[in-house]
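Each chain carries a letter (A, B, C, D, E and F) given by its place in the written order, and its residues are counted from 1.
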Amino acid sequence: MRIVVTNCNTTQEMTEAIVRGARAAAGPGTTVTGLTPAWGPESAESWLDSYLSAASVLDTLRTYDGPPYDAVVMAGFGEHGREGVRELVDVPVVDITEAAAHLACLLGRRYGVVTTLQRSCGQIEDSLETAGVARNCAAIVGTGLSVLDLGDEERSETAFLAAAERACAAGAEVLVLGCAGMTGLQRVVGEKLGLPVVDGVAAAVKLAESLVGLGLTTSRVGGYAKPPPKRRVWGRPGRR
Amino acid sequence: MRIVVTNCNTTQEMTEAIVRGARAAAGPGTTVTGLTPAWGPESAESWLDSYLSAASVLDTLRTYDGPPYDAVVMAGFGEHGREGVRELVDVPVVDITEAAAHLACLLGRRYGVVTTLQRSCGQIEDSLETAGVARNCAAIVGTGLSVLDLGDEERSETAFLAAAERACAAGAEVLVLGCAGMTGLQRVVGEKLGLPVVDGVAAAVKLAESLVGLGLTTSRVGGYAKPPPKRRVWGRPGRR
Amino acid sequence: MRIVVTNCNTTQEMTEAIVRGARAAAGPGTTVTGLTPAWGPESAESWLDSYLSAASVLDTLRTYDGPPYDAVVMAGFGEHGREGVRELVDVPVVDITEAAAHLACLLGRRYGVVTTLQRSCGQIEDSLETAGVARNCAAIVGTGLSVLDLGDEERSETAFLAAAERACAAGAEVLVLGCAGMTGLQRVVGEKLGLPVVDGVAAAVKLAESLVGLGLTTSRVGGYAKPPPKRRVWGRPGRR
Amino acid sequence: MRIVVTNCNTTQEMTEAIVRGARAAAGPGTTVTGLTPAWGPESAESWLDSYLSAASVLDTLRTYDGPPYDAVVMAGFGEHGREGVRELVDVPVVDITEAAAHLACLLGRRYGVVTTLQRSCGQIEDSLETAGVARNCAAIVGTGLSVLDLGDEERSETAFLAAAERACAAGAEVLVLGCAGMTGLQRVVGEKLGLPVVDGVAAAVKLAESLVGLGLTTSRVGGYAKPPPKRRVWGRPGRR
Amino acid sequence: MRIVVTNCNTTQEMTEAIVRGARAAAGPGTTVTGLTPAWGPESAESWLDSYLSAASVLDTLRTYDGPPYDAVVMAGFGEHGREGVRELVDVPVVDITEAAAHLACLLGRRYGVVTTLQRSCGQIEDSLETAGVARNCAAIVGTGLSVLDLGDEERSETAFLAAAERACAAGAEVLVLGCAGMTGLQRVVGEKLGLPVVDGVAAAVKLAESLVGLGLTTSRVGGYAKPPPKRRVWGRPGRR
Amino acid sequence: MRIVVTNCNTTQEMTEAIVRGARAAAGPGTTVTGLTPAWGPESAESWLDSYLSAASVLDTLRTYDGPPYDAVVMAGFGEHGREGVRELVDVPVVDITEAAAHLACLLGRRYGVVTTLQRSCGQIEDSLETAGVARNCAAIVGTGLSVLDLGDEERSETAFLAAAERACAAGAEVLVLGCAGMTGLQRVVGEKLGLPVVDGVAAAVKLAESLVGLGLTTSRVGGYAKPPPKRRVWGRPGRR
């Protein structure tokens, strides 16, 4: 099967890192194709970025003309757009935010999320709430790192461990990497902390494979029916 | 004071109707300026439309170069984007969804929302929940009308009254017009139903005036800090 | 329009301070009339006081014989009675507790309340909950000051700032003055704290003006129908 | 032990009926003393009545000069005042609303309340919520009867059974009599319905006996500390 | 009346201590019979123990052949099984977890539970939640003591007081002994802490007496109907 | 990898049907081993059965001496025990109740469960709640069929479709088969209903494979630590 993984920003290197993480998680018969939006923010670190990202990811999938795919993984932690993609495509759609939470719920009574900037916590909170998996979330904690700071592995790890301690003090028994750019960190911090750490990209790949394997896709009854055909303009006419 | 009212779609006539509704509600010293996005959907009737709309409204405000304004009213019922606009501009921002609910809470123990298509109910539900005003919402009911059907006044009124009955049976004591395009309907259906009907556009104008009058604006502490400067592309480069 | 502002206690000076706060917030066409109950507690600082206050405020409005008014603002933060007043009068009724919370919700993701004695926090919590606006309340914090201590401005300010810090640590991005007697404090502490501070009296005046401006008043359907006529005695017969 | 049972209204006959119900439930060593407020409403059927009743019941207990008592049972279903009484007296206080719900929770997964007028449902809902026992309440249903209609036993029974059916359809497995004036009805309707029916007066007497028997009384730490001494006037000075 | 008190483990001494506590709480006409399961865990300190205990307690009551009894008290704090016992027997069933919480709700706005091992907190939380009394629970705190450590009174008391402080800091105004083995501790720690401390065994005895006294028992409508007859094997055939 | 699937009852045929369902869902490298408890109920249809089943499943796994396995799937819909199994074994544990809900959340905004007897709904509700996935559950509906009735395919299908309609009327966009014995029904009813139907057994197999694939297992921090060693007796000594 082919899974399309959409980066939520325009940074090609980030797409590549995400694809590496996705491939590491994918089963033998799974092909992973990464998509980088041609427009949008270079990294998503605000509500404004998140809405811009949602539109650009929708546009990317709407105009996709590669080989057919069996599922979409949306690789923006806490970012918007998943319901729109569910309307748009005919295959199952899994967002890494909800995916990590779903698996985390199976591994302990309460989980915590460790993310980048403190300002992202609110978006993640809303995303988990509407996905229906917030009940067992004990804490969402910021490390103070920006998405781009994540390149510095040592600093990331130190900041992650400090934030993880706060999440555990609040009751977390399992942790979730709260940013697609943290992919890969799960193993080392998991060992140091002595508890399971879930990476959303990996979780979403497995959930997408699961849904495809079971022949399940998004319900067209109710909220996620196909959007009615109408005139839509995707970006300012004539703009650079 | 000047209030900018943003339509969530590209249909100029709808902006005009909204502006009429806003002006009818505005106090004597208030000037209302309507903005129609240059891109986006011609009407917002799906999650996909809603995210597209959010980006286009943000772009519209980002590139606005008219006279200074004191507040923004976002006139898309149940549509996304308000948190992003709060980050972007320095003046208070009021979304008509939350505005209607805030005033409705003051008029009865439970309120109901009557909207257009059934498929919009989920978006409205999430919007009220994250705005913090869902607790006293007894029901969100669709009329089955599309946004464009609202032009037919008699049909709209009949459909509204039927849906209102279901909301009241679920405990609503106050009703909310669940679409900016319903502006104007509140008086006639209110009289027929014998209960208060709140129009979100009017409510948002009054709340915006209230905040401006009290010298209050969005907190920069926490979730709605200014978005960090970075490279962002608003629409596909080189596209029509 | 004329707004009647009811003090929740019998202390005339407090009524005057509240009226000053209300007038500072009121629009040009608004007349503010303060009412001091002829009976009740000299300040409301317990559940017992709150219920006594509720009855005395109801009696005050029931026997009011001044010029007609267009709205009632109830100026007891966290005090009981608002539903009874909604039944009693035919004009909109706004309680300062809910009013402050409604506006605070528009200014940040989470708000906090800073009040007088720790013992008042429970009443405020229940009041926000039943008003339907508790969801985004991050914390209700006592300063340890009694209502009468508020006369000492410096001490009040210091205590407020210390309590505000605790509210912010719990996630508040906006603050609410949790006592009518704090009216006036919002500007100075707002500046020191660098975030919006909402005064309930001012908020309630603006919301009352908004409802009157839109021709909206309490629903008579359901919970707030007129109380049935019957024999009621308002205070012990023959008592001093 | 002596239990004081406070009627929430001024109707002596209703006090007598309540006292009969309380005595029927009381253990051999328990003396029941009924108190009828000297002022307040003749029956409590609105929020206004409820707040008036709360003040008059507080005043009744405050000025009580009979023999010492060991507990207070407040016999107004859904009426206000219990927190104030908890502050005022040094003995345990049990309100019949919460008492019925506490016992009902022990008898089935979900309980329902059948009350008098539909308009009372909101007050009962809030009372159960703040008492902390609303979670397992499946429905609160009005019979359409006023408090005084309850004298007609046949009509009461018929109306109760019809309302009970609606509560059961909503999931109730146990029923609660939602008015002190219904005391006595529990046996006959319980048999006809084939499920347990809890009378709040009886439940409160047993809970009061339980607390007294265990030497437990209201905590003075936090919300229910003694009200601070201050000037309070209980009813309009010089009035009839 | 006769109340059967079931220990949740096989330790006879613990049954005796529980029976002593139950008898101290019981009214003059109440006989208390303790039952010790013939199989199960020697103390219940994990989910595994709790499920094993539930089955063994059910088996104990299923095969009971002593004198008839009027109620069952289940003396395992936070342990499973109460719904099954409600199905099995025809008399009222009260679990000490819910019993303590019900009484605690009557004594303050928020209560806290102080239990043995930290690992038990989750079970207690779930037990209170499904019993419908979690809403006013401010905190569940572990002392770090195992069930068997409770024999050392001085150490128990010290650990309890330290944990109680944390519960009070979280808002508890009333405390609950979170283990049947703590029975007896309530008086001494209550005095030292200056707030009411509820023992679940005593609370359950009083609630059981209350239900019996009112002629109430478990509803057979819905969730707790008699289990259908079928082949069931209670323990491995032929095992030691 | 090897997945052990535990039936919750002693009926060998049911284990076989479950194993068939599990194998149909399993990936190419997965071996499925079914376990039938040697004791317990022949089918689980009450709380009593559920607790008996929990103990017998724990005993089955505790005494298992077959080839090593990589994950456990617990195939009792709404039955107890999963937390105990998480403590007991070192591999990931997935219960079919939660598994179905997790996948259903990915396929629509709200899901519904269609189960056997009405009396099972309460257990399922509690199971979903504590698993943290109840928020988006719109309804749990009984078909009126017993577990053994499921053998009659036509009757099962008809009853399922009728119950499904009620779930959809309550807002369900996705359905969950609420009994392990329904495995296989998902395809035919899914087609007739035009919406996705999730089988818990299949879902649990895919989630177990996902966790194993990612190297994740239950956290030992907090609630699911290894049960402390102690004397435990698994069934009545010397009994048949």
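The definition used in the following text is that contacts are C-beta pairs under 8 Å (C-beta built on N, C-alpha and C of every residue); 3 or more make two chains touch, one makes a residue touch a chain.
This structure is a prediction, so every number in the text was calculated from the model and none was measured.
Which chain's centre, taken as the mean of its Cα atoms, is farthest from the centre of chain D?
For chain D, the chain whose C-alpha mean is farthest off is A.
Report the inter-chain centroid distance for chain A and chain E in whole angstrom, where each centroid is the mean of the CA atoms.
44
State, to the nearest whole Å, the distance from the C-alpha centre of chain A to the C-alpha centre of chain D.
52
Mark out which residues of chain C touch at least two other chains, giving numbers and ranges.
Residues 83, 109, 122, 129, 222-224.
Should the pattern of chain-chain touching be classed as line, ring, star, complete or other?
ring
In which sequence are the chains arranged about the ring, given a start at chain A and a first step to chain F?
A, F, E, D, C, B
In the complex, go through chain D and note every residue touching chain C.
Residues of chain D touching chain C: 10, 38-43, 45-52, 54-56, 58-59, 80-81, 83-84, 86-88, 118-119, 121-123, 126, 129-130, 146, 222-225, 227-228, 230-240.
Spell out the residues on chain F that touch chain A in their complex, using ranges where they run on.
For chain F paired with chain A, touching residues are 25, 27, 83, 92-94, 98, 102-103, 105-110, 129, 131-136, 168, 171, 173-174, 194-196, 198-199, 202-203, 206-207, 209-211, 213-214, 216-224.
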